[in-house]
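Per-chain residue numbering starts at 1, and chain names A, B, C and D are given in the order in which the chains are listed.
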Amino acid sequence: MTKPLNVGIIGYGFMGRTHSNAYRKAPNFFDLPYKPVLKTICGLEAKEAKAFADRWGYESYVTDWRKVIDDKSIDVVDICVPNNYHAEIAIAAAQAGKAICCEKPLALNVAQAEEMVAAVEKAGVPNLASFNYRRVPAVTLAKKLIDEGRLGKIFHYRANFLQDWTISAQVPQGGMATWRLDVKAAGSGVTGDLLAHCIDTAMWHNGPISAVCGLTETFVKQRMHAETGKVEPVGIDDACTFFCRFDNGSLGNFEASRYARGHKALYTFEINGEHASIAWDLHDLHRLSYFDHRDDSIVRGWRSVHVTDGDMPYMDKWWVPGLQIGYEHSFVHQTADFLMSMAEGKPVAPSFRDALATQKVCEAVLASAKAGKWETIK
Amino acid sequence: MTKPLNVGIIGYGFMGRTHSNAYRKAPNFFDLPYKPVLKTICGLEAKEAKAFADRWGYESYVTDWRKVIDDKSIDVVDICVPNNYHAEIAIAAAQAGKAICCEKPLALNVAQAEEMVAAVEKAGVPNLASFNYRRVPAVTLAKKLIDEGRLGKIFHYRANFLQDWTISAQVPQGGMATWRLDVKAAGSGVTGDLLAHCIDTAMWHNGPISAVCGLTETFVKQRMHAETGKVEPVGIDDACTFFCRFDNGSLGNFEASRYARGHKALYTFEINGEHASIAWDLHDLHRLSYFDHRDDSIVRGWRSVHVTDGDMPYMDKWWVPGLQIGYEHSFVHQTADFLMSMAEGKPVAPSFRDALATQKVCEAVLASAKAGKWETIK
Amino acid sequence: MTKPLNVGIIGYGFMGRTHSNAYRKAPNFFDLPYKPVLKTICGLEAKEAKAFADRWGYESYVTDWRKVIDDKSIDVVDICVPNNYHAEIAIAAAQAGKAICCEKPLALNVAQAEEMVAAVEKAGVPNLASFNYRRVPAVTLAKKLIDEGRLGKIFHYRANFLQDWTISAQVPQGGMATWRLDVKAAGSGVTGDLLAHCIDTAMWHNGPISAVCGLTETFVKQRMHAETGKVEPVGIDDACTFFCRFDNGSLGNFEASRYARGHKALYTFEINGEHASIAWDLHDLHRLSYFDHRDDSIVRGWRSVHVTDGDMPYMDKWWVPGLQIGYEHSFVHQTADFLMSMAEGKPVAPSFRDALATQKVCEAVLASAKAGKWETIK
Amino acid sequence: MTKPLNVGIIGYGFMGRTHSNAYRKAPNFFDLPYKPVLKTICGLEAKEAKAFADRWGYESYVTDWRKVIDDKSIDVVDICVPNNYHAEIAIAAAQAGKAICCEKPLALNVAQAEEMVAAVEKAGVPNLASFNYRRVPAVTLAKKLIDEGRLGKIFHYRANFLQDWTISAQVPQGGMATWRLDVKAAGSGVTGDLLAHCIDTAMWHNGPISAVCGLTETFVKQRMHAETGKVEPVGIDDACTFFCRFDNGSLGNFEASRYARGHKALYTFEINGEHASIAWDLHDLHRLSYFDHRDDSIVRGWRSVHVTDGDMPYMDKWWVPGLQIGYEHSFVHQTADFLMSMAEGKPVAPSFRDALATQKVCEAVLASAKAGKWETIK
């Protein structure tokens, strides 16, 4: 009944796997208007691309991304390669009339991001930036609680994204596994990789950011390049913290680091409102902490909500109360929403334009850190 | 390369979904000796069976389980129906030479379970009882830590499985959704449904149980039957607690209830050894708590181990450190192990014989509760 | 204005300190009808008794407890010696017309406890058994929530008291520091020392226990006696678990051990009712966990209530919200309540009669464990 | 034996109580070189001063603080009044040769603080700034772990102090209960009241701060003054966040607010080092979280250390393992250390000079927030 939707994924790394899994699983759990078909996987090495295609059931593999664009049968181009390739691929895909899903951050910088937005909007193609954490059910629930007005006026938005995997000076930069440490491939360090997630969620939850003031640091000043074997200066930010003002009058405080020993992927946020507060933590992504000052005072406290019941966002599709889902499911939800909105002819969020707004904040944070002063977001 | 392995699943309910998902996902993440093919789904209602087949990509559907047994092309019969059908189907499948995976508890009672064990052992077919929680990585890790001797002599094993979904007297018994409350379909209440899991894990971790003394209660004495519409006496145990002695000299304390308000599927265990202790909780299944008395005293405390790194059981197959998996993955691991052991011609645990041992403990607990005295496990 | 109240404490060990501190602090924080005067400390060793008197501001010290009884100026006799002295001292104090506070458990056994109750009731003297945990604010709050009917019908009461300080076989029995391991001084092991607390709280919260079935174990069978230096059989229970039925139809599950590695004084309880549940833990005594099923489902979860606001039991006497009190304060509250009830001529709880009820349950648990069958509580 | 030490406390509010309690309790638990005598309490209202003297056992009370200074018998002057009185009283006390304990923050501003330091150093009198949180055992333990080098090179220091008691616009400013909202009495808002604690601990743990960049906000712009009844502009900062650089190369991130719904006194810090990390939280002040990367990877995790054993800082003076102390005990420890250092003729930390360093950071943060740029700490 449902129409096949041919998907070409470019990039068979970590994100290539999460997206492949999402296209495969979504129709088992969601009632979708399309039946996604894994048409082509594209990756640099033929042998690995073939193995990936076999494992995930792709009909074919290619090593040149242009072949995916040129393939008339492909409906969706899904971009899972390092950041420095996003713009070129996405613009070509837009011009070819494909629907596009692009991993975050959208681009290396605002200039590229603006070209990408212009391209998809000119072509009128469905476009999605893969800020997957919006669709962790607890994070989606947070949005719902805010929109219902349960928190009242917001005073504070606080978010961290803490890791510890680059503390050793022996970790190289560049190459397949560590391109995130190479400024040429990544554009920036924790700002684009980690804070971009925090900023996307924050603006979704709490509206636009008007001005930022930031600080960055690169603790390890030089690292061997994985491809050249040469020790080269490190161009990325190892840590970044910034505070900001939101349009709604609340204050923001953000921090990311890859030098926070003990944390692997500790994305946390906390929102303090007049009546209620919310907190969340990626290390226990299936829980939402909620405090409501309107509770009877003698039984008032932070509630640990186990987000697994059927009335929670997306959770009617999964198992039974008490049984948690994991990280990968955020991509399944994103894919399901993407396909449903496509069928309805409606935009899906976050769009490339939404991702551009995040890119502007990231760029302003980096500029602010360099200049040592506040930057206004235009 | 890998040989196809044709699978027929009997039952399209909650467990039918977890098993279907497992066969589909396992080859995307594990290097398997077989390629599982979803051949046939069997369920009572043709319309629903067809819809299930479409959703999950089954090649066919049937409404009579005997057709699955009779289908020569089917290699594995996977039993996901209520407990009262396990024995008949499993014995027929064994006689037909199929590999068998059977949901837990193995049977309605020890007598049935013994027949099932005899059948599979006589036929020499691969057999697996689906006590899936053994393969939650944190639970597997606990086994590893015990086997390494880190805990030293064990003094206590404590396990609970607490739910709250049957508190309302309006919940019916019987039928598709609530057969677990109908003693004819389920055999027992929380003992077979929940404690069976705890007992399986406990004996795997801590060895055989020699004697038990238990207490059961049925809080709601009669409920409407979903199929007949008649109010009938409730024959199952709503709550069960027992203490026991293990062969290794340690004491056990177990409790299950569906009247523990605030808990959805709170399966917890804690093991106290001479040197170290371990605790786990299904509501946060991706964490293991570990206490080691040999730590420096000023930094000694319960460690919350986030079981997501690549050196954790099964976790090299999934994502990156800090990103959790969920409930369904325990079935994927089980399926992968089942297929790998089958290819190697080795038994997989828990076998039907292992499940029989659990059945004996369950039956002894119920007998003990009825008689108000200790029962020895033979 | 306030009348002096002369106090004689018998025993300068751990409990002698907690009680001395309580009499000193109570008037600084509570508006009391009496001004407690630390008149006399009594202990076996003169030198230590004198040092204790100096440290705590006692007017005098003695080494023979009968001198405390014979001192006409003394109003309150406070018994902080090992259990085997409770009965004799308390009965003498009652006969001398003193108000009495006695550490728990009340006596070595039910027979003694009954004599003590008879003595205080015949003499008509104020009497208090020092089950101090009732007056941890979070535990008092739990009682209030139950009495308000917030939980509805109770299904389960669960309590543990876990320690790990006697795992080493080198810990001696007997003597000042380890009399709790000597059955002659203590009467029993964890049952009287730890479970007595759990049982007292449980019956206060949830009403009488009608029948029990228990199990005990002594893991280390012989230990050196600290006074004689001889290795002697260990007569106490190292671990005890029991389940029970309460008069109100709910089930109880209790366990105590001194072999639970990782736990120092982990007294926990959890109460599951039709509408709500409560949990508490002595290791974080300033918090109460509360779950209310009547909350909106999307923000329903266990609440961690930080019991420090001024509307919490006793907390208006201490600091400001967010600033926690500790273990010793339970004794201050107890002392304040004791003095206030004395001035009003009202009984204070738990009275010796209340403690007798707990003693009966303890004795039944030990008898049940010995006989391997249920015991009814008369 | 021990020499009496006559103490005069100025201020009978919240801090007057914590200090009175500390002088009374310290000798019961610590072996002190002096016996503190509560000589005089000084407060504005005679009736309340008298009641306070009665409750706490002061020998006398006065309403003019100069009488405390002029009293030759008084050895220690303890300043517990609003910040705008600190300098004048402390300087007079120094000139009179008294030992001085002064509540934090030391002064309204750096200029005052410098005069105070000059005065005590010129007079050569013992001087202590009451940053009590240093002596919460878990916080002291953190210092010990850092000094032992367990963390290795430090990358991040993060601290928050979050409250929610001034969200309502109906809370007045000024007067006895709410002088902290009146800029004339307090000097600043959360910066001096809350961040001063965080900064003091941070520099003790992690060394000097070299430069700061901050942001402040006043959410409620005008409030009624409690004394005049007039609505006046609010001059304090309701919220303040800043980041900074420490001399050792690590980055700091600090935030305080009284608009963080759900937090009463949530002072938290986290320190991330090369090898290990530490975290602490005032709402559970008896625990320290510790992560050590050198642990075996499969049992590596954040440890929750229950700081109650006898080998923990100060804890040999209190109860037994597992039994927690509370907020007030930090003052008892501070007082004990103050008296012991005084007897030894050694300075005690934090001295007025230490507090001046904190004052400089606070002032720089406020200046930075006003100017919107970094400020260097001289």
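Here, a contact is a pair of C-beta atoms (placed from the backbone, for glycine too) under 8 Å apart; a residue touches a chain by one contact, two chains touch by 3 or more.
These numbers were taken from a predicted model, which means no experiment stands behind them.
Visitor: What chain lies farthest away from subunit B once each centre is taken as the mean of the Cα atoms?
Guide: D
Visitor: Applying the document's contact definition, name the chain pair with more C-beta pairs in contact, A-C or A-D.
Guide: Pair with more contacting C-beta pairs, A-C versus A-D: A-D.
Visitor: Using Cα averages as centroids, what's the distance between subunit A and subunit B in whole Å?
Guide: Centre separation, subunit A to subunit B: 36 Å.
Visitor: Quick one: report the Å distance separating subunit A from subunit D, using the average Cα coordinate of each chain.
Guide: Their C-alpha centroids are separated by 42 Å.
Visitor: I'd like to verify one number: the distance from the centre of subunit A to the centre of subunit C, where each centre is the average of its C-alpha atoms, in whole angstrom.
Guide: Those two chain centres are 55 Å apart.
Visitor: What positions in subunit A touch 2 or more of the other chains?
Guide: Residues 263, 287, 302, 306, 309 of subunit A touch two or more partner chains.
Visitor: Hey, which residues of subunit D end up touching subunit B in the complex?
Guide: 141, 144-145, 150, 287-288, 290, 292, 295, 297-306, 309, 311-312
Visitor: Any idea which subunit D residues touch subunit C in the complex?
Guide: 14, 17-18, 20-21, 24-25, 27-28, 55-56, 163, 165, 263-266, 282-287, 306, 308-309, 318-329
Visitor: With touch defined as at the start, can you tell me which subunit A residues reach subunit D in the complex?
Guide: So the residues of subunit A touching subunit D come out as 151, 155-156, 158, 162, 164, 167, 213, 215, 217, 219, 239, 241, 243, 245, 249, 251, 253, 255, 257, 259-263, 272-277, 291, 293, 302, 372-374.
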